[in-house]
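Quick heads-up: structures coming right below.
Below are two complexes that have subunit A in common, paired first with subunit B and then with subunit C.
== the complex of A and B ==
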């Protein structure tokens, strides 16, 4: 392996689809039987773009991302729809083939990097393992490449650090190791599930900057799952907002923040901690996300929505286009003038 | 008690963890978790204590209530020096100074009904009979925006936001003058954290409570604190009015913390793979951000 393989030779192909989920529906087995948690989600990630997946806890964003990786827990299944990675259908692939795809085409990092690392092995071995598994490289060659990867994710003294154990790394450094592992086999898709939630604010900034840099240099498509709208604002090109298992709005980031077309998105933006709101009550969304077995067939947000109108909202609301590239699931989207973030 | 005196006044607060030097162990392994911290909180005001993990914020929160014992320093709470107070006196003091923790799922007894959790401090601190305790608990539960039905529930039957309001009800039932809030909304969804913050603000306006508000989220502190104290590695780096600290931070570390706050709109993006314009925006945004 020489250095040139690390330097990015690929031309940016904006528009090339890396991941496409179509009508993705995920069920989970509960004592009430199979309950639909993720309902007909359409999600696309192109090369060279960061797509944000936003929602409260229980909105289904994590299950969505796990199904994209073929990592659903045993009590969950894709009941409808499909997931394609680089044009290859993975939603009905058997586990053995899936393991080849995972890591090689798509990789994922999680909220608690330390929990994802085995404390009994050196971090270098754990990164090298994926190279040996997916590329069939020798131990030595894999380790040499791992050192280069550590340099790429800006871990100082890479030659020395690969021989250390996870407990010798801080949280931010562990997340860098996870990123090195994620990009080891040149994937096209990186899924980052709350990658900085457990980190301090200054470390969060460094890790986000690193993800941005890797994305640009490697031409990755990134699916960033987060509840922090500030992080979305800084990182994402496009955003999908999920509520109660459904996508309720999808738009370019700037459009979503300044011209939201769904009352839920607007309410979320109003609950952002903006300094200009000092001295006035903060916005919030009353009530709770309904439990999955109680998802109504009608608008799922109507009980908490200040714009809900009896007849209009008491029907199945499709996700419809309100402007080019801008989708919203709201029966009243056209007539409402919803506030976004303050200019 | 005069109102001009601070509710809480702390001088030289120090907590050392680790082994002390002994005859056989000449070289002590010591970590000063809290190192000579001075703090004042005026009645009815909020001091925001910020810093990164490991800075010693939570240790300070526990020390000022003597939930853990300081190694040095004085703590004046409501004009009483509690640093040398006996356990018994301290217990009586605790009805005036309470605490709200980060995770309500672990700070409330999972086997206790909400009504019993809220009323429990009254058993310790008052002579109220069962009926009075229940009545007070119900009033408090309603005050925090919950209703009678919630009284008969167990913690697992409630959401994080509801449960944190239960924790607030429990902290308030003895009508304290001072509350330590240790990351009270860090475990909550954005959509509900504002509810808890609004409630804390309303209760402060209504009852003149002072808060020591511990948080790693500078956006939050900027919104609610009157005074801000920045901690790093056990030491207080700077204190001052929230306006001053956010507008004109005195230390590089504070500046670094402020610069790391995630933006509030894509138009204010600080880094971006495609548009170079964001770099220029960067400076303008920083200036704009500090003039709150």
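== the complex of A and C ==
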């Protein structure tokens, strides 16, 4: 009894954790030198789970996701911390080995799917390429499987469509092609960076439902990057909210929406369009996200925060647990009663 | 797809007809205005005025300009370019004998310039902003300032005279074997290839740098593709369009450059013919040559345009 309990607690998530970023810190080269954009981010994605990464533009969410894939641009680098994929340390892996992991164990889809597909090659070729690369399949075999993948992502007339070029596809269909490409080699992690932002509203929903379905069928861990809290509400099991390069709150999605423990999250929720608040003025957050080279060592949100108090907030605020599985970076989290989304 | 391609080529060929007519007409006008009297060329030394008039009548030089042009055009259409008054040979046969010589020279020069442009340009693009990039750019700028006749003289000096690796002048036909042919064509082809190679270096670098910044390159990386596939397949096919455009210009310029280079290396190609026929006042050969070159340029441009459809599928459906 004791022994087995010990074993379980000693290895709580073996086989479960798909991606783990620990103390991840990313710097970007600017004319001011190396500036920290992503600051000590801890992020975990488990199997069979959709984790939302939310924040305004400039909060560092895209750089976070790119560093998880080892796709940082040349002017950016991981200066501290680590990223593990299926227990494998990838943050210090050399490019050649990293390329074996990308597309095989972790895959990524992006905003503006049409720009992400090469206009000079057929979509089928671009999906099959992944299978030929990682599985070593012949052109013919890879193309046959690509047709199956197209059916899986609900592209009608798959046999015919694989031979077409990206310009013959709508934006939503392009994102389906990207998804087919992403799941081609049965990865464990799917990173979706604003996957529906550039799409029509009606198409958005279809693509989100498809991601959800693929996630459930394939048991994927999904990291969904978005600035749209509506998308988060629909899709995510857990949410991390980023502000100015830091995670400021992390919680199960339901709890985050109904019981936010950080003024920034609360303010974001108040700026959401909701049918129940019809007729009331829409909330907004005054001011702008500070520029990365001006990130203060103290609370980074205090200049825009309605609840900021001189003494309390003018210090380095750690990310602390406010409830089981619920973290917040706010000195006043315990004393504030922040409004969330109405039930 | 095939039928749209055929239609495209057919349309382009039709559009080329007025261009060719205009070019030949223009040359006919220029010759009309030139001080060279074709009858005098035929008559030999010190002809009597009666003899000149006789020749004019015999060859129809006294007929109206337009009649002569139309007659020439009609004959040319049937493959009869006339007979050279100087060599007394069929102009078409002469040109067809010389065309492969110049064409093979241009093809070799094209090969040299492409290798240079693709290698230097790719190396520069992959090291964008670095020392290597700067070095490649400097080399290209330097080579850009060396016209074919200077290059030819320098190459002969260093590779034929100071260290006799290649013969200084002369020509061996391809039918005598690749080896001898290369011996005689390497230096002329190199002289022709230098400026185009520098131009292509810049073009390849620019096009590749642009392509490598596209989102689909990030997708290719996210897929785990090896660098050689990302650059050699995904970026290259998109970068090819601007490069091929320059390539078309370069080919036609090479035919121009061949005039000087063939002269220097004593290669009996189209370039030599053009110089000889001008010096001899051989207007009939010259006219045939102009027609041939106009057709060549049209064909090259057509190939360039047709290749766009291959590199950019978006153009096919339009």
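In this section, the second predicted complex is superposed on the first by the 328 of 343 C-alpha atoms of A that agree within 3 Å, B and C clash if a C-alpha of one lies under 4 Å from a C-alpha of the other, contacts with A are read in each partner's own complex, and residues count from 1 in each chain.
In this text, contacts are C-beta pairs under 8 Å (C-beta built on N, C-alpha and C of every residue); 3 or more make two chains touch, one makes a residue touch a chain.
Small disclaimer: the values here were computed from a predicted structure and weren't measured.
Participant: Which partner chains sit in contact with A:341 here, subunit B, subunit C, both or neither? Use first/second/both/neither.
Facilitator: first
Participant: Quick one: is A:100 in contact with subunit B, with subunit C, with both, or with neither? Answer first, second, both or neither.
Facilitator: Only subunit C is touched by A:100; subunit B is not.
Participant: After superposition on the shared chain, which partner residues are touched by A:314: those of subunit B (first), subunit C (second), both, or neither?
Facilitator: A:314: touches no partner chain.
Participant: Between subunit B and subunit C, point out the one touching more subunit A residues.
Facilitator: B
Participant: Taking the superposition as given, does A:283 touch the first partner, subunit B, the second, subunit C, both, or neither?
Facilitator: A:283 contacts subunit B only, not subunit C.
Participant: If you stack the two complexes on chain A, which partner ends up touching A:133: first (subunit B), second (subunit C), both, or neither?
Facilitator: After superposing on A, A:133 lies in contact with subunit C but is clear of subunit B.
Participant: Contact-wise, after the overlay, does A:227 reach subunit B, subunit C, both or neither (first, second, both, neither)?
Facilitator: After superposition on chain A, A:227 lies in contact with subunit B alone.
Participant: On subunit A, which stretch or stretches are contacted by subunit B in one complex as well as by subunit C in the other?
Facilitator: none
Participant: Quick one: which bits of subunit C touch subunit A in the complex? Just the residue numbers, please.
Facilitator: Interface residues on subunit C, with respect to subunit A: 214-216, 218-227, 229, 233-234, 237-238, 311-314, 317.
Participant: What residues on subunit A touch subunit B, complex-wise?
Facilitator: Residue list for subunit A touching subunit B: 48, 50, 56-57, 200-205, 208-209, 212, 215-216, 227-231, 233-234, 236, 253-254, 257-258, 267-268, 271-278, 281-286, 288, 341.
Participant: Please give the residue numbers of subunit B that touch subunit A in the complex, ascending.
Facilitator: Result: residues 52-53, 159, 189-195, 197-198, 201, 216-220, 222-223, 246, 256-257, 259-274, 289, 292 of subunit B touch subunit A.
Participant: Which subunit A residues qualify as touching subunit C in the complex?
Facilitator: The contact residues of subunit A facing subunit C are 69, 71, 95, 99-104, 107-108, 110, 112, 115-121, 126, 129-130, 133-134, 165, 167-168, 178, 181.
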